Structures are given as structure tokens and as C-alpha cells.
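In order of appearance the chains are A, B and C, and numbering begins at 1 in each one.
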Amino acid sequence: MQFHFEDRRLSAPRGATVASALLGAGITAFRETPVSGAARGPFCLMGACYDCLVSINGVTVQACMTPIEEGLQVCRVRPRLTENEDKA
Amino acid sequence: MTVAFDIAILGAGPAGMAAAARATQLGASVVVLDEQASPGGQIYRNVDQASAAQHRILGPDYSHGHSLTQALRKSGAVHCAGATVWDVSRDGLVTYSKGGQPAQIRAKHLILATGATERPMPLPGWTLPGAMTAGAAQILLKSGALVARDPVLIGSGPLLYLLAAQMITAGRKPRAMIETQSRSDMWAARHDLPGALRGWRYLAKGAGLLTKIMAAGIPRYTAAREIALEGADTLTSVRFTSHGKPHEIATKTALLHHGVVPNTQISRALRLEHAYDQSQRCFVPQVDGLCLSSEPNISIAGDGAGIGGAKVAALSGEIAAFGAASRLGLITPQTQQAGVAPLQRKRQHELHARPFLDRAYPPATQSLSPADTTLICRCEEVTAGDIRRFAKLGCKGPNQAKAFGRAGMGPCQGRFCGLTVTELLAQETGQSQDDTGALRIRAPLKPVTLGELAAYDANSQET
Amino acid sequence: MTTLVIGGGVVGMSVAYGLLKQGARVTVIDGSDTDARASRGNFGLVWIQGKGAKAPHYAAWSRSSAKLWQGFAQDLKAVTGIDISFSQIGGVEYFTNADELQQDAADLQGLRDHFKGDYPFEVLEHSRLKQLVPEIGPKVVGGIHSPMDGHVNPLLLLRALSAAVQHMGGRLQTGAKVTEIAGADRAYTVTLETGDRIEGEALVLAAGLGSADYGADLGFEAPVRPQQGQVLITEKLPFFLKYPSGRIRQVNEGGVQIGASKAETGADTTDLPTLQELARYAVDVFPMLEHVQLVRSWAALRVMSPDGLPIYQRSAKYAGAHFVTCHSGITLAAAHAGLLPDWIQDRNTAPDLSLFSESRFSV
């Protein structure tokens, strides 16, 4: 199945989760943390650690609990905060 | 309207599946809620869909899961798959999301069968992409996904050997085993060996795994200390000492494990009674011989009530079913006793090797008392040093420490820091772990969107 | 002379900090990790608009605290190095119901009249509010902006107060269960469950809901009751919400906090219908929150007096015992640290707090 991670086009076997598909493509860093901006990727793969968070259709989800679908657009979660910054 | 059942079982691992099969047989209407698409839990994950090659890699203990999934399927219990439970009330109302839609069921009796999670293993660099739990690698194997090449396995315990052996069969030989246990641990465990010999199958299995690892020529570094995972944005190497001698191994993947602990998120959220188990070094919900918790309408079965492994979990699932059915008046006390006695005997037999294993493969000291700079709360990026500073500010328990520094406030709600915070505070204050206590767990048990929460009208759903 | 402060929440710690700043010797005695703690569950507002609509002395007292807050936060930072994320650029109350907006605006106008015009606020209808806060949804009929309002990270405040009290030489006895308080004029002995005794010449009872247990021994009515409030917090988002409101604000770590319900119960557990009501309000005000993940909720217990106002009471039974309670310990923290020590030490610079005495309940 074909899907997108950011602007990369990737393929994954049927039955894969977003996490296993990205790991299979050699991607281990899925996001940056809102606290320090550190890179993070899957840790437990069983829905407990919340380190594999990605954004799909504007919703933050656990990549390890989300099945890959044809044409899925997966985005990095980058909620890096700049406190009290006024919106332009 | 809210669908009502006699018994709701949370979790479709060995305990949940066995409980469902037995409870329906005893005349109860049963629903099993589980987050995965197919039954099996983590231990038998994907067992019905796995290929022959996967079964060969994972071994007969994995394939044994078939018998439980079949029993569940034949039982007549409603298997509600893909359901993420995010609220449970003491009176038996269970709220969950399925396919982005909220729903509720109500049950007269709850059986929590939520299994185990990896014991948190804070090490320098354990948050780097490329560092995962050993359980994560097993999940990849069970899902038929590719496992990274040349991983380094770090920690202690039988599961680490099992994973290494499975990876060898899968053609993905680990680069090295970095083991934290030492000879003195084995020496300390010698008194438990006679008891363990009665559970000789477990020991024989362990010996077989080790033989396989040695035969494959995988280097084993025991008594590993000062372990540090290194890399800028992703893992590139692991540094450690073994018997005092420094080593560095280049790798992109490290798989961590030093035991599993009960997943107590729901039992904590329900404020059931728990006690700290010194031999297993974790909190365990208090249950009686029939798996009944401190609340009469709630049972806890399987690893969630204390680590025993898959066979013990299935047996306790059946015991919990008898206990629940008896409480609901579906069976006579005689039927209950006659049914439970042989199960309890078998369970006792399966537990013989446990004390020996707990002592021979203790949790890594470096992770029970991490260095000040080590992150212990992955979500909020709180260090062990922060917790020690909060203790000096007067924090006696994890909830005040959470208020002071956010450990346990992130989306994982303490699943990967709660035990460490308790251990650290207990070390600093000199209190017992029981007196130190545990983090309060709050709804939602797993995040839910505000829109989903807002859209659902609970009142109109109640019958 | 040592002053014993019973209760290490924000109220007790603010008073202790203020006393230490004046050079007093202070011992704070605090309870267990799982006690009901308003200081760990509150919303974090330094809020003025609408407070004391029917009690202008309370409005004035709150406002005097708000005016001290900037200096209080700066002092705490100077002493402890902890920035407690205090912001006082004003707050906005959002309304999805026109009648409520009208009622609140009338209340504020009443206060403005009482204070002879010195009570700044502005009622904004939807389109003007949208210029100020573009994220509001169509269900918002309007809002009230007041430059008097602000917010703070209440947990960092609690931590900073703990650090400051220790830094300034205060004694902090935590995890202490008080079994008895024996009083006499200028002589107090607190006995702990461990058998330990702590002695002092003055005492401040600031034990929140726990005050009811010890009040009678010290000559106080301590008529406090729990009022439950439930609060939601979302995942961390990029900053978008500049102004706090009484029911929704973005905390300095990025999460959006939504509260707070009111229920006359002492149960500290959340319930689904209440959480849903709060979520609905938040999505009505900011539709973009629909797809945002809720990560946690909690229920906390407000410490309420019969009329909802603070109580400041000197003991008629023993000299040197004081009772302090309020449900707005954050807003009033600066006053408790800056103004209350004079009252506790009976100085002639003490604020007149007679209207806040317990005697108001016995008429």
C-alpha cells in the first residue's frame, strides 16, 4: 500500500501499522517533543508510551495503533512552543 | 442505549480470553473489550493471522494461543475488537472509542485483564529514536514486520533470551547481549532453586535458549553497568562496562528489557487497593483466591494482578470467571469450589520457577536509581535529579512530585515513569514504597478528542 | 517566636513566605500526598472581573492582591530562580448565551459604579471580540475583556513557595498527619501521628477543608464545605490563546485547560456528563479544539465558606491563633504574602479585615 510521510512517498505491506510501516522504511524519528524539541520515535509499540505520535487528518494519533490505509497522509507532530508569541 | 452484560472483560489476552470462555460456559452474558483488531493480547498478538514462517520463528508457546482464541470465538462472548477503553466506573459503566466513535456498555461485574507492561528502564539516552523495548521487537515479529538489523539487547530476564532466540531463527541475529545481572544474583537465587526445579520446564526452556544464543556466537556481556545510549538525533552506539571493563558497540537499534510489571492503569483509576511486592519490585493490586479485588464487583486476572506469565494468566482468567459467576448467583458455591480447586493447583505449579527467576534476573540497579541527569518521565522530560530535588523540597509522594514537576502528567499518565518516581522518592525519604504511594490515574485512560467527548450524549444512551 | 502554619497549600505557604519576609520564624506543617488539595487542582487564574459582585469589599481585596501580583512573582523568582509564568495582560470571558452576557455586564457595571468608575472592563459583541480573538466560533455571542485579569502556573507557584520558604529558613514538615492541636494564649502544641510535637507561640490555621477538624479546639467555627470542580487538559498545542478566561486558558506548557464545573459534593472523582459539558463549551467557544486530544481530567475540591468569601479570623479563645481560608488562594496569594503578615502580627499597618470575620455568619 502506498502512503505519504510528510512529502515522502512510501509503501507498506497490508496489515502494517503506521509505526511498523515507517520503521520498515528506516524512519525511526517520528516527531519532536513539545518540551525540548528532541527527536522521538516508537518505543513500546503497544500503545502505552505515546512516543510514536503522528498527525493524521489534523488529529494526533499513536502510529503503533493506527493501521496503514491506501493513500494515507502522515505528518510529523511539531507542536514546538514559543510562549506568548502573538499570532501574525 | 447502553448494552448491558453480566460480565465485561477488559483485555483479550490469555486471562481475558480464558475468562470469557469459562464465564459464558457458566451461563454469563459476556463482552470482551480489547484495543487490538484480533484477540491474543501482546503475548499471542496476531496469532490467528501469523504465517507459518512466523509460527516457526515464535515457537510452540506462541502457537498455543490458537487454542485460546478458538475457545473465545466458540464461547458466544461478544468480542468488541478495536475498542479503546478510556473510562471505567466502579459501578460497571465502561466507556470506549471504536473507529473514532464513543460508546458505552454496562456490566454487573468487571474482570480487568489488562496484562503487563515493560518495567520502565530509564537509562541515559533511552528516549533516542532507535531505542525500543524488547516487547516492541516481539510485536514486530508477531506482526510479520521487519525487525531492524544488528540490534543490541540490553537488560535482564528470560524474555531477553527468548527474543534473541527468535531473532536468530528469523535471520536477524542480535549483535550483542548486554546483560545487567551478575553471578551474585544467581548466587542469591540459589535458595529458590529447589522450588524452581518443580517448575523445571521453565528452567529447561531457559537453558535451551541460552544454548542457542551461545551457538549463534552472539557476544554476551554480563554484569553490565554505566550503560549509556548515545547519538545526536537517533541512536548510534551503546557504551557500558562489563565486569569493570569499558565497551562501546555501534548500533542503530537497542532493545531494552528488565522485566514486566502489572499494567495497573485501570485498577489505579478505580482506586482499588494495591500493595508493593518486594520480590517483583512493583505495585500489585490486591486480589483474593478468586481474583476478586477490593471492590466486590471487580476481579483482576492475569499479569495485571501480578506477573506469572501466559499460562498462569489463562488459569487465573478461568478462576476469575468462577468467582464472578458465583457472585452473580449463576453457579452454586459447590460448583465454584469444584471448578476452582484444580485450577489453583495448576496455577501453583506454574508459579514454582517464579521466585528463582525474580532473584536471578533482578531489575537493573542503574534504572531503579538512575543518575540525576537521566530522563525518567519521557512525556514531560523530567529527570531523576528533578525528583530528588522535589524530595528535598518536601515531596513525600508522587502526586506532590507530579504537581511540582509534571512527571506523570503527559499522555502516558505515568505508565513509563510512575514506578521510577515512587522508587526515587522512597530512596530519598527512607519511606517504604507503600507509604510513598503511586500516581493517581485520571480519565481519560487514553486520550480522546474533545469533539468525540463533546458529541457523545451519555444521558440519552442510558437505559 | 515561632509561628506554626497548619497547611502547606498555596494559602498556608503564601502566608508563611510573607511572615518569613518580615523576619518571623515559621514552621509549616503539611499533610499527606493523597489529601484533598485545592492547590494542586485549581485553575490558575489571578482573576478580578465579576468577583465580589455583591460584596464590593471582596472585590477591593481581590484587586489589591492583583496589584501586588507582579511584584510577588518577581520576588519569588529572585529568591528561587523559578519563573512561575505569571501574565497579567488582561482576560476575556466568553459567552455563548446572550442573557448571561447581559447579566454579567450588569454586575460589572454595578462594581464600576461602586468604585466610581475605577473598574476597567469592556463588553465586546461577537465581531469585535473576533478581532481580538480570531479563533472564536459562531456560537460565541460576545465577551467581556478586562485588563485587571491574569493567570499563572499554580503548580509552579506552589513549588516556588516551597523553595522560597525553605530558602528563607522556614521549617517545612511534610507528610505530617496532625492528631491534636493544643492551644493556650501564645502557646501552641501540634501533635503529629508519629508522636512528634511541634511548638510555637502563634498559629495560622490554613488547612483548607481540613480546617474544620481543628477549628473548634482553637476557637473557630471554620464553616468550610467542599465544592467540587472538574477540569480538563488537552495535549500541548502551539500557542494561540493569548487571553485567559474564567473557563478556558492555555497554560504555559501548551495544554488548553478547560473548567470548571461546580457541584456541591465532596467526591473528588470526575464524571462523564460533567466532562462532556466542559468539552462542549470549549468546542463551542473554539471550534478548532474539536480535533484536539484530551489527555487528562481531574476533580478538585474548592474550600467554600457559606457566602463563598474568604474568612480571616483571630481566635477569641487564645491570643495568637488565626484562621485563614478562601477559595481563591491563587488570586489572593500576593495579598496573603504581602498584607496578611501585618494582620497576623497585629501591627497597626494591618489591613482592616473585619468584614471577613466569622461573625458575619452568626447574624
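We take it that a contact is a pair of C-beta atoms (placed from the backbone, for glycine too) under 8 Å apart; a residue touches a chain by one contact, two chains touch by 3 or more.
Please read these numbers as outputs of a predicted model, since none were measured by experiment.
Counted by C-beta pairs in contact, the busier of A-B and A-C is A-B. Taking the mean of each chain's C-alpha atoms as its centre, the chain lying closest to the overall protein C-alpha centroid is B.
One finds 39 Å separating the Cα centroids of subunit A and subunit C. Subunit A and subunit B, compared by their mean Cα positions, are separated by 24 Å. Residue positions 235, 253, 291-293 of subunit C each touch two or more of the other chains.
Chain contacts: subunit A has residues 35, 59-60 touching two or more partner chains.
Among the residues of subunit B, those touching two or more other chains are numbered 410-411, 447, 449. Per the touch definition, subunit B reaches subunit C in the complex via residues 87, 89, 93, 95, 390, 393-400, 403-406, 409-411, 413, 429, 431, 436-437, 440, 442-444, 447-451, 453-454, 456-459. Interface residues of subunit B, counted against subunit A in their complex, comprise 35, 37, 42, 49, 84, 117-118, 127-133, 135-136, 139-140, 143-146, 148, 233-235, 252, 263, 378-381, 410-412, 415-416, 446-447, 449. Listing the residues of subunit A that touch subunit C in their complex gives 34-35, 57-60, 79-87.
Put simply, subunit C touches subunit A in their complex at residues 85, 87, 134, 235-240, 242, 252-254, 291-293.
Across the complex, subunit B is touched by residues 13, 15-17, 20, 23-24, 28-30, 33, 35-36, 38-51, 53, 59-60, 64-65, 67 of subunit A.
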